[in-house]
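What follows is subunit A paired twice: with subunit B in the first complex and subunit C in the second.
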Partner chain A sequence: MASQVQKRPVLLQTVLVGILILWMIAAAFPFFWTLWGSFKVEGDFFSLADWTNVLTGEMTTRETGDAFTTEGYTGAWVQEEFWKAAWNSTLVCLFVVTISLTLGTLGGYALARSTYRYAFWFLLIALIFRAMPPITLVSGYLPVFFQWNIWGHLPTAIIVLVAINQPFTLWMLHSFFKNIPQDLDESAMVDGCTRFQAFRHVIIPVMWPGVITTGLFSFLLAYNDFAVTAMILDKQNQTMVPKIASFLGTTQTKGNVMFAVAAVVSTTAPLFLLIMFFQRQIVSGLTAGAVKG
Partner chain B sequence: MKHSAFFWFVLPSAVAMLLFIFFPIVSVVVQSLHSAHEQVIIEVENCGPFGCTKATAIDQEATAALREDQPLGRFAGLEIYKDRNHLATAQIGPLWEQSTGIGDFIGKLMNLPFYKAMGFTLTFTFVVTPLTIIFGFVIAVAVNSAARAIRGPLIFFSLLPMMVTPLIGSLILFWMVDARGILGTALRWLADDPSLSVKADTGLMWVMLMVYGVWHSAPFAFIVYYAGLQTVNTDTLEAARIDGASRWQQIRHVVIPHLLPLTTFIALMQLMDNFRVFEPIVSFNASAHATSLSWAIYNDLGGETQQLSSAAATSVLTIIGVAILLSPVLIRTYRDYGKAA
Partner chain C sequence: MAEIQLRNVNKRWGNFVGVDNFNLTIPDKEFLVLLGPSGCGKTTTMRMIAGLEDITDGEIAIDGKVVNSLDPKDRDVAMVFQSYALYPNMNVYENIRFPLKVRGIDPSTHDAKVRRASAMVELDDFLHRKPAELSGGQRQRVALARAIVREPNVFLMDEPLSNLDAKLRVSTRAQIKNLSHELAVTTIYVTHDQIEAMTLADRVVVMEKGIVQQVGSPTEIYDRPANMFVASFIGNPAMNLINGDIQNGTFEARDTRIPGLSAASGKTTLGFRAEDASLAAAGEGQITAPIYTLELLGDATMISVRIGQALVAVKADKTFRAEIGDPISIRVPPEICHLFSTDTGQRIDG
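Right after this comes the complex of A and B.
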């Protein structure tokens, strides 16, 4: 490789390594620290006396007899019924991803293949919708949802999240379909397929890499959403993120902030696995927009 | 593609966006022009053995009937936009006259809820965006110089701050800078001030929110720059080297021009994202020190009494703000795609 011909000066190399180490600490340390702390009692994780208590687990040993405790986890999952929120999150994510991808592949395919000007305007409007903060729409939803009596239910949240997801899904899939050669489906149509048959038998088998990447991002949007789900789900149907936010209000007074810490770790764990397994797709998805404009 | 085929393919997602994005926008605009009905007051005359007294009471029936009749409320025009909680047009004039100077005027302006939110949102947007770009670039260069074998794990950990739920990421940081947390303790030791608390100090809170903002979005800039660095033309680099370009000259004249289009992309995406800053304010419990436009909407909607009209007016103002920020993107897309289409 040509780039290896030129050796970096020692000083530059040291600076680069230093930056890397600092950045790794900044990016990863908070998560490991919180994971470690979630197995302690509040007196240790938030220690006014001595910060090393959280490492040695002094209070934890005094209160529970062991340096590690799962009190926070049992408190959150069993006592505060965090399992319900986890189940709601699972449902919301599953349906949001499936429905957004179904609508998005159909629309994205059509937008990639149409040569008319209205397809461009459609994409431009979708771009405007995408840029708007979702919370600005909420005051438009509420009166209608109250009137129809559909406020607070999971299906309502799912439909709203699907709609908010659409502009992004359309843009992403549109650029993926643009990369699938047009000759592929056109030759199928020359052979007598209708447009839908060509889509069904020729495009669907080759579109999965793009669909999986887009699906990951729809999943993240549904999983991470706070603004919309906090406003349109009632207490029984809360998903994990609004549930954690509501912990903060109630547990601070009861001295059970460790429940929130345990819930935060529980919510982060699936994301960890997701990034680990799909790192390549996430990177390609993040850069797809940049390359395509 | 034929018109009819296009129509049927696009229909489901068009309907979804029409019903749940377009109509709500219309509804928000309409709502922001109406305000809730005032209660109907009637005068009741109570006549007793010692004469008659007049008392006012709320006519529940009439109020309910009025609300039923016009569920939107009474038409208020631009009244809500002009009130103290939004543009405060009536308050600004006197404020200007009372102020001793520009600084004093801005300080007083920041006591009005809308300008307080606007002030923080804009400061956040225009401080965090450039810092994100700089940090992202530096990290990308550093990762690119690392051995190929460890780049995978490096990218994995770099992605974490961005992919983790914003509410959760900011909570994790908040617990660490808590006066009893590890960073809070470190800060107190560094500043040699045992009473130092991020929670209690407006300036520190602003800094902390922005630190979170950069921490959260630097990975995005990093990934885009890193991908860009992979596609730098090695032939051009080699040619530059043969012509005697120094390391800095190679970066200045080959790498940076290659990454420039990516920078505009990152900047525009970040401007839009940072403008909607919201979750960290909830997590940090920072509303006493800093509010944002999104937070103001959330606060209006979530309180004991839902102030729909007030939230709607703030929403419209936010959308206008986004539209102004977005106009360069729209023009760019129009030029790029408009020619091709």
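Right after this comes the complex of A and C.
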């Protein structure tokens, strides 16, 4: 590979690098633009007079005496209590990931080791449920939730998100477990483990990359969800994404766009950290040596 | 200390018969080899003994105690898998120690036991490596050490050598033989390699299509195969088998006439081993045919002739040279002949 790269003509190499740089700028630009703009006032970031105002910060200086302001952030976090939404999101994500992974690893393992044919049909049905847009389920559960008086609470949203998420986690973990040779469980069982101990002491340690990857996807689903959380949670219990939407205002109420921008940045930042942190775990090849003879 | 008994053991998946009515008593300390081609049910039999496969019908008893419903962990067996099945997240030391740990054996004894087991398979220098950093032969030895560390009642080995290269296989085979002599534990060893079976076994069980074909010592199986399948499976080259007729004690087939046999008249398959036959002067042998092929083996020359559909091999001196197509005469005295019923395949002489 290395020698191939060296053989490439300089011109082609330059073009390739150029395209890559252009693509990176195009991909990263919206994020940096939003980050930059979040420290300005609305008059600058959404300036009708001159778009360069956002760079110079003309209105921001006039209104606050400085080119940068944290007004958007204090407004969102303190005045509008965005911290509550952040806390709610944390709770929702924590429980959704924990429950999904617990059920998913146990179920995925059982399905992967099952010799019965219904395991296949079970997974196929799970796939169909996964393929449905979550919003189609709303009409089914919303009236019931009202009737039972459980609408608006976090646990309700968690249950619905887990239900929507579970087919996917089952599928993903099932295929990860399939890649772990059955000899490993059997060897552990002959060595003195029960089925569960074999799962716990031998299979799960090998499974970490799969569990983390699947957990990350479950987390993202819960974290980014709008359809379910906006529908189910009342105003005090809102998570971050519906809260951002509410900042934008409705036909009746005037929103504050800059609060929304600051909240968007606050919501995105943890995702960057998270993915950067877990990147290594996902890539790590723990199974090497187990599969090969 | 374990005698293993299999009584009418059956394994079926739907209509498919994996193991058919297996009956055997394996005395304590015996090294038993289950031998047969792939899909013959030998591994299934072992897995039923280990408890990894349910028994459809019949009984398995270890030390007089029926173990049908016991989990693998409660049968006090240790198993070496074909793939070794080492725990990739643990180093060699932890791999070997694992059975002690999960069984709650006094932790203060672990170190000595692990070191003793690893010394027996010469792994002392690798204790801190992960399985991924070991060669195939080393991994195989870790699997062996993990099996012996606990000093179980029964060893089960599922084709432990089949993933090694030819040279390593010979030395590891010797090591297993030595180890089993030292440990003197009942061992069941599954293989499709008849040389492994011959060299390691106290007794061999030859299986095909889920049915036991013959049980006996390696010599018995080699010298008196019970049927045509065993005759054609054991030995390198396999036994020569010629279809023909016996009339008044004389076997006749194309290019073949062997008198002096004591067997009833009728359609018969005659067998003999390549090394038992020899070359004769022209016209004096019982088989006379042109050479089909000639192979130099180094220590001998293997000559084959064609009798009908069958290739018949005979071992000649290493200096023997001839051209393909040259006529040759082979001496097949009646003493070296094995007779089988052509219809049933069963041995018919005494």
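By our rule, the second predicted complex is superposed on the first by the 248 of 293 C-alpha atoms of A that agree within 3 Å, B and C clash if a C-alpha of one lies under 4 Å from a C-alpha of the other, contacts with A are read in each partner's own complex, and residues count from 1 in each chain.
In the analysis below, contacts are C-beta pairs under 8 Å (C-beta built on N, C-alpha and C of every residue); 3 or more make two chains touch, one makes a residue touch a chain.
Just so we're clear, the structure is a prediction, and the values are computed from it rather than from any experiment.
Chemist: Just subunit B (first), just subunit C (second), both, or neither: which does A:A67 touch?
Modeler: neither
Chemist: Contacts for A:V261 in the overlay, against subunit B (first) and subunit C (second): which applies, first, second, both or neither?
Modeler: The first partner, subunit B, only.
Chemist: Mind working out whether A:I159 is in touch with subunit B, subunit C, both or neither, as first, second, both or neither?
Modeler: first
Chemist: May I ask you to decide whether A:L91 touches subunit B, subunit C, both, or neither, giving the answer as first, second, both or neither?
Modeler: neither
Chemist: Does the superposition put A:M189 against subunit B (first), subunit C (second), both, or neither?
Modeler: second
Chemist: On the superposed three-chain arrangement, identify whether subunit B or subunit C touches more subunit A residues.
Modeler: B
Chemist: Touching A:I150 in the superposition: subunit B (first), subunit C (second), both, neither?
Modeler: It touches nothing on subunit B or subunit C.
Chemist: What is the shared patch of subunit A, the residues that subunit B and subunit C both contact?
Modeler: After superposing on chain A, subunit A residues 286-287, 289-290, 293 contact both subunit B and subunit C.
Chemist: How about subunit C: which of its residues touch subunit A in the complex?
Modeler: 50-52, 71-73, 77-79, 81-89, 98-99, 102-103, 130-134, 136, 139, 146, 150, 156, 163
Chemist: Along subunit B, where are the residues that touch subunit A in the complex?
Modeler: Per the stated touch rule, the residues are 1-3, 5-6, 9-10, 12-14, 16-17, 19-28, 31, 71, 138-139, 141-143, 145-146, 152, 154-161, 163-168, 171-173, 175-176, 178-182, 185, 215, 219-220, 223-224, 227-228, 234, 237-238, 241, 247, 262, 265-266, 269, 272, 275-276, 278-279, 282-283, 285, 293-294, 297-298, 300-302, 306, 308, 311-312, 315-316, 318-319, 322-323, 325-326, 329-330, 332-334, 336-338, 341.
Chemist: Which of the residues in subunit A come into contact with subunit B in the complex?
Modeler: Residues 1-3, 5-6, 8, 12-13, 16-17, 19-20, 23-24, 26-28, 30-31, 33-34, 37, 45-48, 51, 54, 102-104, 106-107, 109-111, 113-117, 119-120, 122-124, 126-129, 131-133, 135-144, 147, 159-160, 162-164, 166-167, 169-170, 195-196, 199, 220, 223-224, 226-227, 230-231, 241, 244-245, 248, 260-261, 264, 267-268, 271-272, 274-276, 279, 282-283, 286-287, 289-291, 293 of subunit A touch subunit B in their complex.
Chemist: Could you please specify the touching residues of subunit A with respect to subunit C in the complex?
Modeler: Subunit A reaches subunit C through residues 181, 183-184, 186-194, 197, 201-202, 205-206, 286-290, 293.
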